[in-house]
Each structure stands twice: as C-alpha cells, then as structure tokens.
Amino acid sequence: MERLNEIKLKNAQIAWRAAQDIEEGSYVNLGIGFPEMIAQYQPEGRDVIYHTENGILGFGGAPTKGQEDWDLINAGKKAVTIKPGSAFFHHADSFAMVRGGHLDLAVLGAYQVAENGDLANWSTGKGGVPAVGGAMDLVHGAKRVAVVTDHITKDGKAKLLNRCTMPLTGVECVTRVYTSLAVIDIKDKQFLLREKLATVSFDEPQTVTGAKLSTGKHVIDLSVPDL
Amino acid sequence: MERLNEIKLKNAQIAWRAAQDIEEGSYVNLGIGFPEMIAQYQPEGRDVIYHTENGILGFGGAPTKGQEDWDLINAGKKAVTIKPGSAFFHHADSFAMVRGGHLDLAVLGAYQVAENGDLANWSTGKGGVPAVGGAMDLVHGAKRVAVVTDHITKDGKAKLLNRCTMPLTGVECVTRVYTSLAVIDIKDKQFLLREKLATVSFDEPQTVTGAKLSTGKHVIDLSVPDL
Amino acid sequence: MDKTVDNLAAAVSLIDDGSTVMIGGFGGSGAPIELIHALIDQRTKELTIVNNNAGNGDVGLAAMIREGMVTKLICSFPRSADPRAFTDLYLANKIELEIVPQGTLAERIRSGGAGIPAFYTPTGFGTEIANGKPVKEFDGKSYVEERWLKADFALIKAELGDPLGNLTFRMAARNFNPLMAMSAHHTIAQVSKVVPVGKINPEQIVTPGIFVQQIVEVLNPAQEEDLNQCKTYYPEVVN
Amino acid sequence: MDKTVDNLAAAVSLIDDGSTVMIGGFGGSGAPIELIHALIDQRTKELTIVNNNAGNGDVGLAAMIREGMVTKLICSFPRSADPRAFTDLYLANKIELEIVPQGTLAERIRSGGAGIPAFYTPTGFGTEIANGKPVKEFDGKSYVEERWLKADFALIKAELGDPLGNLTFRMAARNFNPLMAMSAHHTIAQVSKVVPVGKINPEQIVTPGIFVQQIVEVLNPAQEEDLNQCKTYYPEVVN
C-alpha cells in the first residue's frame, strides 16, 4: 500500500490521461473540482466544447485575477471566460442538453464506483448537509460517463467495489474509470483493466480494488508525463 | 325560426359584443376565423395583448396589401403586423403560455356547446380530414374560455345542447357563449341567459336551444351597434 | 469544428428511406423549402414526417407528399389554402395520419430533445385524442399521458448560423424549428446567412450549436406563400 | 399597461407570511440581491424558498435564512464558500430541506409554468431521491415521476426590462430566472435598466412580458460575490 501511494499518479496526471480520450468536436461536461482540471490538459489543436450546468456552452479558462465577471461563472461558481461561438441559455435548456443525450461525455469525481457501473459521489450518507447539484442528471444524460478518482481513499480503503455502500448518484452509468493506478473499463458488470502503471504488477491493483479486476491480453502501460 | 334569422346579429356584431368584455391589460388568444374579428372591435384606448400559437405576443392587424411578410403570420396563416413591445418565441414556450394558464382569455368558434361547458369545434365526426390545431390546448389552458357562434346552425339545428354529439375539443371548459341572439353563461352545468336581444322574447331563445336555458332576474338587453 | 456543408444535395444525402424526419415551419413560415426540395430530388421513400401541417399547393411538403415519398404524417392541422396533395392521398387511404394537438405536438418534440420520455397534459382529456392513453389524476384534475417524439433527422430553417451550428430565427419563423433541432438525432439547418464563429451575440443565440449537426447556406430562401401565389410546381415538369 | 413599480419596498409588499417564493440565480450570478434585501426589510416569515443554493456569507438568501424567515428550502446544492447561515439552522433542525437534482429542479419549475403536472425523468432512478415516487418503464428503461413546482411569487433579476415586462438577461445570470418567471403566480423582476416599450428587439426577448407582473429598476445591482469579499452583513447592524 505504501509503495502504491508513492508511485501513484497525481490528480493532474489522472486529469491529463482523461483529457487524451476526449475526441475532437466533443461536447463535454466536467464535474466540479478535480474533473475541472481536465480542461487544462486538452491536447493542443483539439476542439472541445465545454458545457456547464448553469447555462454556458463554449466557456474557457479562468480570467486574470481582478478581471472576474460574476455573471460569467461555471457550475463550481468559479469565474470563467467565454470563447468565440459560446452560447448562453437557461437551466431547462441546459438540462435538456444533459438529459436529452446531447453531451458526448461527462467526467465526474467519485466516492465509490461499483463493478456494475453504479456511482456514489454526492453523499457520504453520514449526515451533514446533503447536496446533489447536477450529478444525478449528468450520469443518466451524457452519452458516456467517466470517472476520475484516486484508486483508494485517503485512509486506504478501496473505492472500486462490488457494490457501492454510499448513497447512489446513478445506477449502471459509469463506463470508464481513470484512477491513480490504472484505466479501467466497466462492461457487462465487470471491471476490465485496460491500462496500468508500468511500475505496478498485474496483481497490485487487484489488492486495492474491492471487486474482481479482470485482465485481458490487451492491458497496456498507463503512461503520463510528469506534471 | 325565420323571424330569428332576420333579427339575429351578424358575426361582426357578435364579435363586437365579445370585444367589450375583454379587460384592459388582458392576454388574449382569438381562434382562427370568426373569433379573429374580435380584435377589430377592441374599444379605443384599451390595451389588450394578443397571443398567437405560432409564437407572437402583441401582434396587430393585417399589413397593407403587398406589404405582407410571410414570416409574420398568425395561427390562421394570415399576414399580421407587430406592435411595439411584441415578442417572438418558439412553439413550446408559446404553449407553455397556453397550458400554463397565462392567457386571461381564449375566444373560440364552436360547432356545439353543451350545458356542462363541453365544446366541440374541431371535427364534425363525419369523415374528411380531421384537424385540431391548438384548440384542445387553449380550452384547458386559458383562464377563461368563451365561444362566439351563431345560435343555430345553417340548417336550423341547435348548437347549444344538453350534450355535444360531435367529437369533443374539451370537457367542461366554456364559461360564456356569445351567440347571434344572446349572451349565455355556463355555471354549475347550466346555461344561464344573461343578455338577449330586446326584440326576442324570453321564450324564443329557448326554442332554438337544445338544453334548458335558465333565466334569472338579471337578464338584460343585448345591445350592439349596426356594423 | 465546422458544420457547414457546401450544397443542399450533400446536406440531405444522409437521409435514408424509412427515416423519421421532422420538418420545421408553421405553414410556410419557417419552412425549409430548399432542403425539402433537395430531399425530393433525392427521391427518398417511406418517410414518416413530423410537421405542424400537411403542406400547401405544389411545393415543399405538399410536393413531397404528392410525390408519394411520405408513408405517415404526424401533425396538428392538415388543412391549408390548397391541401390537395395530402387530402387526395389521405382519402384514398394511401397515407397514415396521426393528429396531435398543437401544444402537445410541441411538447412531445421538446420532450424528445430533453430526455423526458412522457409527461402529463390536460390537453385532450375526455376527447378521442386521449383514446388508449393512460390518464392520471393530480390534485383532483385529470391529465393525459403523452410520449416524447424523436426523429432521425430534422430539416429546419434559420436566419443566421455560424460554423458551430449556433442559430437565430427570423420573427415568427422560429416556431417548431428550435424544438425539432433538439429532438432529432441529426439536425440539418438551412440558414439565410452563415456568419463567422463569434459573430452572433451569445445572449441572442436561440439554438446553441450542440443541437445542430449540419448547416447549409441558402441565400434569399423562397417563401412557400410566394411560390404558391406564382403557381410554382416542384419538381418542375420537363417536357 | 405599465408594470413598473417605483421602489423595491413596494415591489415586495404583496408577499405575505407563509408564501412560496422562487428566487432566481445560481450562486450569486443572477441573484436578485436588492429584492431579497427588500424582503428582509419587510420581515416576512415562514417562507418556503426555491433556489438552486442556500446562500453564501451574510447577504442575500443567506441573510434571509439567518434571520429565520425561511421555514423550508427546496434546492439542489445547499453548499457554498460560506454556507453557515443555512448549515447552522439545518443541523439544529430549524429549517426543512428538500434536495432536488438540479436538472429535475429546473424541469419541475418549467413544468409549473407550462401546465405539465408531472413528467418522467431518468434522473435519480435507483437512488434515494426516487424514494416514494412512482417509477415507470418506457421502452425498457425505468424513469421516475416528478411533479411540477409552482410558487406564489418569484423574485428574479434581469438586465433590460420594458414596461410590458419583456426581459433580457446578462450572460450566465439567466440560469433559473426565466423559468421561475413562468412558474410563479406573481413574478417581480429587478432589472438593471428599464427601457421604453419597443426598444428590445422582439427576437431577442428571453422572457416575454406575459410571465412578469412587476418590474423595478435597480441600477448597478450588487453582486453577491463582491459583497461577500467585502464582508458585507445585511441588514447592517446599527449600534
């Protein structure tokens, strides 16, 4: 475990890896927080249009400090900018885009992901103030739902499980998970290891995964730059 | 019957009478054809905003011949003009206005009206090509639904009936009927005679009405200008 | 990303026999006449068409129906000044008709685009339109359950369009066009002018590009009403 | 017809204790701070508030909650940079919370305005959000039935407004504002500028006046974010 903690990818590197899979011309929603980083690693020259729940298509990065316009924010309520060709719309139209299957991809964070694609990312179920935002709409709306997450929790527990124990965000919705150790697809209610760090063995990711991690012939190295 | 046919109001006069009841500041939809005439008799100085299903609020009368813009038409596909303060919107928003109860009044034509407020105005039930348009939405959407109609059909049959025999447009939706002989309210599943032409007796309208026409103390003269 | 297509024939070339095609417009206003004529040229068959009406005269949707390309029509009002094309086939039992109240038609199309498989409406309750549909009571009032309407393709008409597919509409030519853009799997927009990306004020975009797959410029588009006043017949009869 | 009202106090004066009030905005963007503060001045009690969030810092909705005016909050995300006002009352069981997924919240509000008493959505199926709600299968997939949401009043923020109530919105400050205008029985809009009737291009009106009952001009409206950066506290504490 300690060894894995030393060699595992940083969030920026997981975000970089997720960014490589986003296709030219895609419409993409990135969850608040960690997933937002993905936009920074969008490969040069690739056109991707980002959607935010609060009614913008085609927003760009943060403005210079002091240049914020608080009518121009993203779902995380951070100030953003707009690119040429952006559009504003109200919340019902925004979620028509989401629920209607118009987004090619949503990338979200996770507390837990189950081998059947169930996702838990909105409530730890431990009390406190619940807050769901747009996550439940996104997981049943976007054409493809991916997750970026550390492979294990801060206290060493598996986040990839047989069944989620925390309240669900959506059922059977996640099809790919980018973790700090591996890239894992979910297909036919199974975790399929697609890529792993060159420095971990085939067995190591399984030791920190709470469900069977199927490995096929096609597992390749998960290779990312230093960031 | 022949006597009634001689003294009965013309459509323009029925339209005039209906126009007098439209309140300052109302949002109003007028059905295709005969009801459209009502707008011509809107009392001077009274602000009324007309809605048309195809996405205009605040349209005005017909343009000068030759000045038609065919992107600026009403539900009857006749060329109209716009007044200052008009707005364009798509069909879902247009019917949100209708179905959501935002229109103060809809005035429609009728084949038949029943004493419980049922309306038949879309299909004679006799074959041919059925066509419903926006009528079914209007009758269950506008805050108040009124009808303008001749009191009897061209071949002398009653249009105000116990029960409609033609396919219904809506159930229990009409609350006032302006006919060529009288103004009749519908309340508690009864026709209540409110106004009648001074030249007809209390009994005459009943003879051409297919349901009980209740008369109270408050029946007044239906008085309209020559038009 | 550039969604512009060079010509009308290319724009409609993906449309296959048997497709469901939504066509924007209310009567002639907002009707994408040039796209419809390109589809007629292509002789695509067995189409299910969704439109508010059933065409007028001898051009546009009426011509498409007259040419026998349409198996089924879903509309609210199949009457017009000159509805012969539809009426003749309908009375001869050669075209199927699904009549939908206009507001329900609009909402079913929007629902298709918004991922709402069904909704309840007061419209049509107690009428033959509700036959066979579930009815449910809410707060003491009865409503009819209506299903979403989706399509393989939408042919729409817009005013300005940019290469990302962002659109504006001219006056009441907006009508069903933005809704059909949302609902169809593949939306083809004819625009009266293609402008550069960034040229349309983002607050004034009515249909964001995410709902549009292809745009084709048609300068000075014809109005169905004008064509019919001139007794235009499409496709032109060649002696 | 002139829907303009002279001042904020007059604009909110109809709002009674026990009302359901929708408040526009997403976080601070599009939040009608000045209208909210006018309502705080009026000390209206036992309100049910519909908003995407639960306020931030010591101004606007947060201040209204802190002052004990809110009995129930219907929202999607009651967290913010500084959510103390809500969190304290919530954890002390002094305010009721109904959590609604954001897209479902938007659609429920729109449905209220559009006369759709209920609709089906995939959102929340299989989660605790669906507890107690009817579930129905369409085309082999399961959906949750959700009800419309209506309100007695809406407080919204717009950019331009004319005396007929026609409105435009500034950038992403649009968010829930047009939907709440549709859904509330009585909509009060604060606008950054009142312009004469006819001044707004009818193609560019986002909320037609039919959805708006009163408008009040608030020149240079405050941004919640700016107020919080300056540690503003409303109502000001007078020594």
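For clarity, chains are labelled A, B, C and D in written order, and residue numbers in each chain start from 1.
FYI, a residue touches a chain if its C-beta (ideal position, glycine included) is under 8 Å from a C-beta of that chain, and two chains touch if they have at least 3 such contacts.
Treat the numbers as computed from the prediction; the structure is a model and nothing was measured.
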Shortest path length from chain C to chain D (each step joins two touching chains): 1
Contact-richer chain pair (by C-beta pairs counted) among B-D and B-C: B-C
Averaged-CA centre spacing for the pair chain B and chain A, given as whole angstrom: 57
Distance between chain centroids, defined by C-alpha means - chain B, chain D (Å): 37
Rounded Å distance, chain A centre to chain D centre (Cα mean): 30
Per-residue overlap in chain D, given as positions that touch at least 2 other chains: 107, 110, 114-116, 121-122, 169-171, 174, 202-203, 206
Overlap residues in chain B, where contacts from two or more other chains coincide: 82, 88-89, 92, 95, 98-99, 141
Graph class of chain-chain contacts, one of line, ring, star, complete, other: other
Touching pairs among all chains present in the structure: A-C, A-D, B-C, B-D, C-D
List of chain C residues in touch with chain A within their complex: 1, 110, 112-116, 162-164, 166, 182-183, 197-198, 202-203, 205, 208-211
Chain B residues within the chain C interface of the complex: 52-56, 68-73, 77, 82, 88-92, 94-95, 98-99, 118, 128-137, 140-141, 167-171
Chain D contact footprint on chain C (complex, rising order): 107, 111, 114-122, 136, 138-139, 141, 143, 147, 168-171, 174, 202-204, 206
Residues of chain A that touch chain C when the two form their complex: 24-25, 27, 47, 49, 51, 57-58, 82, 84-89, 92-93, 95-103, 141
For the chain C and chain B complex, residues of the former touching the latter: 26-30, 52, 76-81, 83, 86-87, 90-91, 97, 99-107, 109-110, 121-129, 169-179, 206, 223-226
